Amino acid sequence: MYDELRDICWKHNMMLPKLGLVIYTFGNASVVDRKNGVFAIKPSGVDYEKMKPEYIVIVSLEDGKVVDGALRPSSDTNTHLELYRAFPNIGGVVHTHSTFATAWAQTGLPVPIFGTTHADYLAMDIPCTDFMSDERIQNDYETETGRQITDWFAKHHVSPDEAQMILVAGHGPFTWGDSIAKAVFNARMIEELCKMAFITKSIAPDTPRLKTTLIEKHYERKHGKDAYYGQKS
Amino acid sequence: MYDELRDICWKHNMMLPKLGLVIYTFGNASVVDRKNGVFAIKPSGVDYEKMKPEYIVIVSLEDGKVVDGALRPSSDTNTHLELYRAFPNIGGVVHTHSTFATAWAQTGLPVPIFGTTHADYLAMDIPCTDFMSDERIQNDYETETGRQITDWFAKHHVSPDEAQMILVAGHGPFTWGDSIAKAVFNARMIEELCKMAFITKSIAPDTPRLKTTLIEKHYERKHGKDAYYGQKS
Amino acid sequence: MYDELRDICWKHNMMLPKLGLVIYTFGNASVVDRKNGVFAIKPSGVDYEKMKPEYIVIVSLEDGKVVDGALRPSSDTNTHLELYRAFPNIGGVVHTHSTFATAWAQTGLPVPIFGTTHADYLAMDIPCTDFMSDERIQNDYETETGRQITDWFAKHHVSPDEAQMILVAGHGPFTWGDSIAKAVFNARMIEELCKMAFITKSIAPDTPRLKTTLIEKHYERKHGKDAYYGQKS
Amino acid sequence: MYDELRDICWKHNMMLPKLGLVIYTFGNASVVDRKNGVFAIKPSGVDYEKMKPEYIVIVSLEDGKVVDGALRPSSDTNTHLELYRAFPNIGGVVHTHSTFATAWAQTGLPVPIFGTTHADYLAMDIPCTDFMSDERIQNDYETETGRQITDWFAKHHVSPDEAQMILVAGHGPFTWGDSIAKAVFNARMIEELCKMAFITKSIAPDTPRLKTTLIEKHYERKHGKDAYYGQKS
């Protein structure tokens, strides 16, 4: 019944080490099937080299419990669950500990929008959550990690369709998209943007953000109503 | 009719990801056929993995319109067009978002000529355009990007044969050459020179430019009238 | 008699260049067989490309002398010996000169615990030994290198099970674990943590350590008595 | 007659791109045959992908003229010649523009001996020549490059056997050894030492040089009269 969902989930998890975004068992990707009220996610602590489609775990969107699968789901499952509930348009979620994005997350700072490569995907700084309060840490930690993310969007009145990525302070990047493929793409993109921003800041620490008119121009030509990047669908 | 031109264009576009200069659909290479008044360029937003020679788009040098091909040309087509018109000796143009060159472009600073590796290809700093004015941004943006480049050469009385590369401030590198192969070579070179300059500046922020006599010696032994680098042609 | 031990030792030594942790003859891995009172270690100065299982040297835990094998053992053999004697729970030891870990060791500073990637493996800074005294250098140098390590753990009342890695000041990383596989894993991990910490410090030199509650949460979910990471064994 | 010498020269030149030390036509390796008074060197400006053993050029040690071969020798041939004449024990010379070594050379600074990885090969800072005087630049430039190197050794009373590498200020690394294989090894090593020193300096700009007793211990255990590293020959 969940064969196809498992296959898609497995295939996109396997892309993470190939894209240089994870080593060993770091990171996880999930894909949602909203019609059936479930999402498929990587099992916890299984090496990518040994991963098989049948190891993928199917989890209920309603109560976060395992619906199908013999293994324990990723320890970050409740973070994915929280995002699927709060962001109704998203189809996939990816979490990695990729080197440059994680190094930025460790500073607790947003990533300044320094150039058009960034503006092509995101018309603002890459957001970074606050550090989690002790009260939340003692609570259901993974659910609260999801809430750190959704709180940021609520507080800043930003839609998760506009910014499909965030750094969790002290932790690492989470990305999403209308599909798991887009979420993986965004995981690769946040790593590249963080690497570029690190180099820019090392060369010239006082580099200002890109001017607003240029940010808007680049974002709009890819995502605006008169977008002209790519092929007509 | 355009089979050969398409093949050359496709082959050199495919070198960009192999040389580590582009990921996903970033970047584009074009090649001009001045006799027939056209140039061949990558289609917009098509993955390198799926690229085929027949997808390459043929564009008129006269009016920038598509002459042949089923797909939309690169969104940067008008920048290429502007360069082919302003620089009559060039045979190919390459644009990438390669990591170190883009990070330098984001600072809006030229890349100081710190060593002989740089002087072997360019007897001056790697130029960087001004940031584009709001007026130009609102205009035909890609044509204006080309004009930012050609303006720099006009203003500084430099020939595009002497400096076959430039950083567009806040954006990234553009390179060219008498052939598309040379333009791709220069795209690889600007990335390496930007990486070296970043490391040099990190080690010793006050490193001065290379002395002029040494710059001229290296540039001349490769490009001067008594050049003795390489094989006699 | 030692065929299996040699095979395990050889296989894990061969992983070091594949993981990008050693070049040429740098680095060495060993595995202990406490029942038989021996450990197997890489021969000294033999290229990885030419390494064969039969070249692995078997050394006595009692007196550090070669028990079996035609070649000289690694020049660092006495450091391994010292660790096996002082740390009764460990099953393998790895030493490399991997780039980022060695660069940190050269500073003589511990690596601050900046994020959860670090806390997943180690609930404290990555320790760094003192620089060795002249007296110790003149003594049996490799044994004294081991003592620099064991002294740190004794002085700071830390168990080598909690911190399975250390930087030897001015030298490089040593890692261990209950198996040689875990020691190799830790060698890869210390390199990644050192790389991330370098980038974090370059972006924001004043980045504080991760808050204690978050360190404990991450360490405990992987290693505490109620750990829920990974699969039930 | 020179078939074997050409083969050795070709094989070691081909290692340079594989070791990540050169791109395109950068860099060159040569090997000397002192008995026959010649050395074999890479032709000038030939791509590594197209290089064949028969392209290697044979040059006289006496007058630097081509003895055998259809192509022009490397433009750096006279630098190699100068080194073979001044350093009678060396068997091979390598010059590259490898990224981190060239970036250091651009600063004009020696590379501080920060750790034992460095001391294993060299008991002093990696030397850097002075910047060349205008008078020398106007003279036979490549011969003078060799003299910048040999002058450093004469002035500092250091033997080229002790320090088998140097940075030419503003240019890049030159290495040598008793064989071309050792010269290639040293070219890889200087790149790694320069990368590590860059990272160390970025983390802690005031890192002091390694203490002398530790430098001597490491250098002696590999190169001293009681060396115990490696296998008995």
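A, B, C and D label the chains in the order they appear, each numbered from 1.
Simple rule for what comes next: contacts are C-beta pairs under 8 Å (C-beta built on N, C-alpha and C of every residue); 3 or more make two chains touch, one makes a residue touch a chain.
What you are looking at is a predicted structure, and each value in this text was computed from that prediction instead of being measured.
S.K.: Would you pick out the chains that touch chain B and also touch chain C?
M.R.: A, D
S.K.: For the two copies chain B and chain A, is the contact made of the same residues on each side, with over half of the numbers shared, or of different residues?
M.R.: Shared-number fraction below one half, so different.
S.K.: Among the chains here, which has the CA centroid at the largest distance from chain A's centroid?
M.R.: So the chain farthest away from chain A turns out to be D.
S.K.: For the Cα fit of chain C against chain D, please give the angle of the superposing rotation, nearest 5 degrees.
M.R.: Superposing the C-alpha atoms of chain C on chain D needs a rotation of 90 degrees.
S.K.: Would you mind pulling out the distance in Å between where the CA atoms of chain A average out and where those of chain C do?
M.R.: 33
S.K.: Roughly how far is chain A from chain D, going centre to centre by Cα mean, in whole Å?
M.R.: Computed from C-alpha means, the inter-chain centre distance equals 47 Å.
S.K.: Could you list the positions in chain A whose residues touch two or more of the other chains?
M.R.: Within chain A, residues 202 contact more than one other chain.
S.K.: So what shape is it, when you link every pair of chains that touch: line, ring, star, complete or other?
M.R.: Its topology is that of a ring.
S.K.: Go ahead and list every pair of chains that touch.
M.R.: A-B, A-C, B-D, C-D
S.K.: Considering only the defined contacts, which chain C positions touch chain A in the complex?
M.R.: Touching chain A from chain C are residues 114-117, 185, 188, 192, 195-197, 199-200, 202-204, 207, 210-211, 213-214, 217, 221, 228-232.
S.K.: Across the complex, what residues on chain C touch chain D?
M.R.: Per the stated touch rule, the residues are 23-26, 43-46, 71-72, 75, 97, 99-100, 102-109, 131-132, 134, 137-138, 141, 170-172, 198, 201-202.
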